[in-house]
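Chains here go by letter, A, B and C, matching the order in which they are written, and residues are numbered from 1 within each.
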Amino acid sequence: MKVASVVVGGTVLAAALVGSNTGSIKESVNPAIKPVGLEAQDSHAAASLLGQFRTSASSWLFLHADLYLHNGVEMRPLTDAEIRNGRKGVGSNPNEAKIHDDSKIVTVIPSEKIDFRGIFGDVERATTSYKDMTGHSHNTPRDSLPLFRLMTFLDPQFVPGWTTGANIMLWEKDREGFRKALTYLNEGLQHNPKSIDILSQIAFCHLKEFGGKRDFAQALPFLKQASAIAHENWTRLSDDEIAATKTNYQRLVVTLRELGKPEEERLAVMEGLDHFPDDVPLGRMLRELNGEVIPEAELSPPLIIKPKTDSSEPEETQKPKIRFI
Amino acid sequence: MNFSAYRALARCVVLESLRRKDLWVVAILGFVILLASSTLGFFGFSGLEIFAKDMAVTVLGMFSTIIAVLTSSRLVPDEIKNRTLYPLLARPISRLDLLVGKLIGAVIVTWISFLLLAALTAVALMIFHVKFELIMVQYLVAKMLGLVVVCSFAMMLSTYMTPSAAATMSFIFAFGSPMIGRGLVMASAENPAIKPVCAAINSLLPQTGLFDLGGRAVYIGWSMVPVWVMGFLLAYGIAYSGAALALSWAKFRRQAV
Amino acid sequence: MSSAIEVKDLYVQYKTKKGEKLDAVQGLTFEVKKGEIVGFLGPNGAGKSSTLKALMGFVEAKSGEALVFGETAGTPEARKRIGYLPEVAMYYPFLTPMETLTMYGELQGMRGRLLRNEIEDLLEVVGIAHAKNKLNRSMSKGMLQRVGIAQSLLGNPELLVLDEVTSGLDPVGRKELRNLLKSRQEQGTTLFFSSHELAEVDMLCDRILLIHKGKFVEERDMSELKATLRNFYVTYRGDVSMLGLTEAWNENHDGSKTARFEAKVGLVQAITRLQDKGGQILDVVSQEGSLEDYFIDTVEAAA
């Protein structure tokens, strides 16, 4: 793990020297690497050996962002055997439980309870960035923003870097955060003009509420464009893009409903269900369109963040930074 | 204790390493780090202090371990292969003196390269306006102790196997011992019957991970390591290196050359 | 005269990588007295290097005893009195001769100005003072051999154990080395060396030890051996038979005959017979025999 981290990490620095210019690299060098058929991927960094390094570096940084959120405490998922044996994950604190589901996560370094190593275990826990993370909270994600900046600098085609980074900017819950996120996503869109996820995320920015107003009209073109791209390239979409498409259809339907366009809404629902016949929210929306009354119990969490009573409340008051001793 | 012999042998190892330009690799690497850091600064990245520290300790840890393993694992086999061992053994020193002197040389070479790289990465960190913290000193001290364990372990393996095999095994244990230890704990938690076996294996492994305070030095707000822990690391380092040296001697003392 | 080296019933055994046992030295017994120059001869694989290694403690004897000045061979006490030159001289390529010798000198227990002066003198003696600060890697094989000779002489050892001493040296170098070793002997140093160069052995040794397949074959005093190897020839005309005196006689193309005798007494008897029976003596020659012939003959006989 450490070696792999170093190799990839070292590449980050080396690749930074080269920058993001892969335009001059011929596609024929390694055409098989192209992960999807979208034109946006034609200049994907993975089209060259150096590009592969840069892609790996971005992925490594993306994974590293989690370590930043936990202030260096390495976490791992519970194994199947551990789950069978009834071992519980550390879990997030109640304030964050809805955002971070860490109920099946434990610290990589064994806790004192299960560690047979005696003083060796004690010393390891004392010398590493270890803490019993039961009911833990997270560092503010803003601290990891520079990482996202770096990963998209290294690999502009690394879509999760754009979308997750923008999401973190939106945590600011103010106009400045919104402006930054939108600027960031638009930059991502320039590099990935047909990315379903980025288009949908731009729409999501408009659908976030600031001062009691959500801008459905601004969001609609992006949602429509994203679903059109997905529909055209359906057979060539990656798993991530399929997941983004599903969310995009849900957002599109809600937006069309809010804008009072029932015919388009029905078409969108039908198209969505055509691709995702088992999707519960889309099925429920169709039932609503058909005049059915949906029981309260069936309602799932909102697709779009509901208005808050006090949206200007600083994030820090809800999610205090963790400080370890 | 034949200190003049240790000094003579260690100086030979250091001079050879310096002139073989092993340390140039470290210097060039450090220069690349500096250049890359400057470049990141040039492109206007700010707020990457943790990332910069993370990279620094990772690079430091990896390259110092590589130098330690590669230097130590060829100490004795190269002497035999190149036949430089005969004039040495013809001197009125014991074979244990020879091993101790060579090991001291390897440790000095490793420490020089580690400190050289640390100095260069410190400059790189200054570019990122990383503040100096006392735990960084603890990190350096602990790491240097850990490198002694790595050197003695690699030298010990090289007396029992080929240099390549010794280097490979050393890398596996130097980089993988934390994972192996944690894996053993997980295995014993799932199957308590194998706990004694896991404990025995774990006690034999070089616990190099214990000497890596990088995580605490990189991330914000971690306290310094207690004095007793540093004391334990010192004691463990001496004990484990001594044991490795004894095992090397057990093989080498009667080995026909 | 007390002994510099005493070897009694020495056995050296190696294990091959396949686990087979290989007897390199089998029951070897010999002695080298203080102040002697003794050549240790034998064909390749005879066990010469193994014996020297046992003397230095590089290999452990399976059984038997080897003493150096009364100390068990291989101990630091014994090694302190020995200067050793290995068969193949390899020295740290990234050190200079000065640094190399400084290291060996310090291991010998020397230090400071005394060591520095001795190294300077030795480098002068072996003829590489001009290259004392060049890296060993840039030196020729002959120059490295001189570094090796210098290191073996560090600390003025009482016994020099030299394995293939003239290896890599040119004729001038060999002559210089011979003179050096002779002068050391005059100062009381004992020399024990193995060599394939029989001419060197001939010119240097007081005594030789011959081994073959790990076993002792014979030990000869050099002056006695040389006398033994001397042949005497008489060339004559006339119908005189040498039967009973020698079997080595033949007729030359001009009708004369030549008879060879290994001892002077044979020659005297032959001359008496020729004078008695009217033979005409044309020539009488005393010729030194070949050490090589002796070596080959003896080894073949021992095989």
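Here, a residue touches a chain if its C-beta (ideal position, glycine included) is under 8 Å from a C-beta of that chain, and two chains touch if they have at least 3 such contacts.
Given the structure is predicted, the values throughout are model-derived calculations rather than measurements.
A.B. asks: Based on which chains touch which, is the overall arrangement a line, ring, star, complete graph, or other?
C.D. replies: Contact map by chain: line.
A.B. asks: By number of C-beta pairs in contact, which two chains lead?
C.D. replies: The chain pair sharing the largest number of C-beta contacts is A-B.
A.B. asks: Just give me the whole-number Å value for how far the CA centre of chain A lies from that of chain B.
C.D. replies: Comparing mean C-alpha positions, chain B is 39 Å from chain A.
A.B. asks: Between chain A and chain C, what distance separates the C-alpha centroids? Give it in angstrom.
C.D. replies: A distance of 83 Å separates the two centres.
A.B. asks: Please report how many Å separate the Cα centroid of chain B from that of chain C, as a whole number.
C.D. replies: That gives a centre separation of 48 Å.
A.B. asks: In their shared complex, at which residues does chain A touch chain B?
C.D. replies: Touching chain B: residues 1-3, 5-6, 9-10, 12-14, 16-17, 61, 64, 68, 71-72, 74, 79, 81-82, 85, 87, 108-110, 114-117, 119-121, 123-124, 126-130, 143, 145-147, 149-150, 153, 323-325 of chain A.
A.B. asks: Tell me, which parts of chain C touch chain B in their complex?
C.D. replies: 14, 53, 56-60, 76-77, 79-80, 82-84, 86, 88, 90-92, 94-95, 99, 102-104, 106-109, 111, 135, 148, 151-152
A.B. asks: Which residues of chain B touch chain C in their complex?
C.D. replies: Those residues of chain B that touch chain C are 4-5, 7-9, 11-12, 15-16, 19-20, 82-84, 86-94, 254, 256-257.
A.B. asks: Under the definition above, what is the set of chain B residues touching chain A in their complex?
C.D. replies: 32-33, 35-37, 39-40, 43, 45-48, 50-51, 54-55, 58-59, 61-62, 142, 171, 175, 178-179, 181-182, 185-186, 188-190, 195, 198-199, 202-203, 207, 209-213, 215-216, 218-223, 225-226, 229, 232-233
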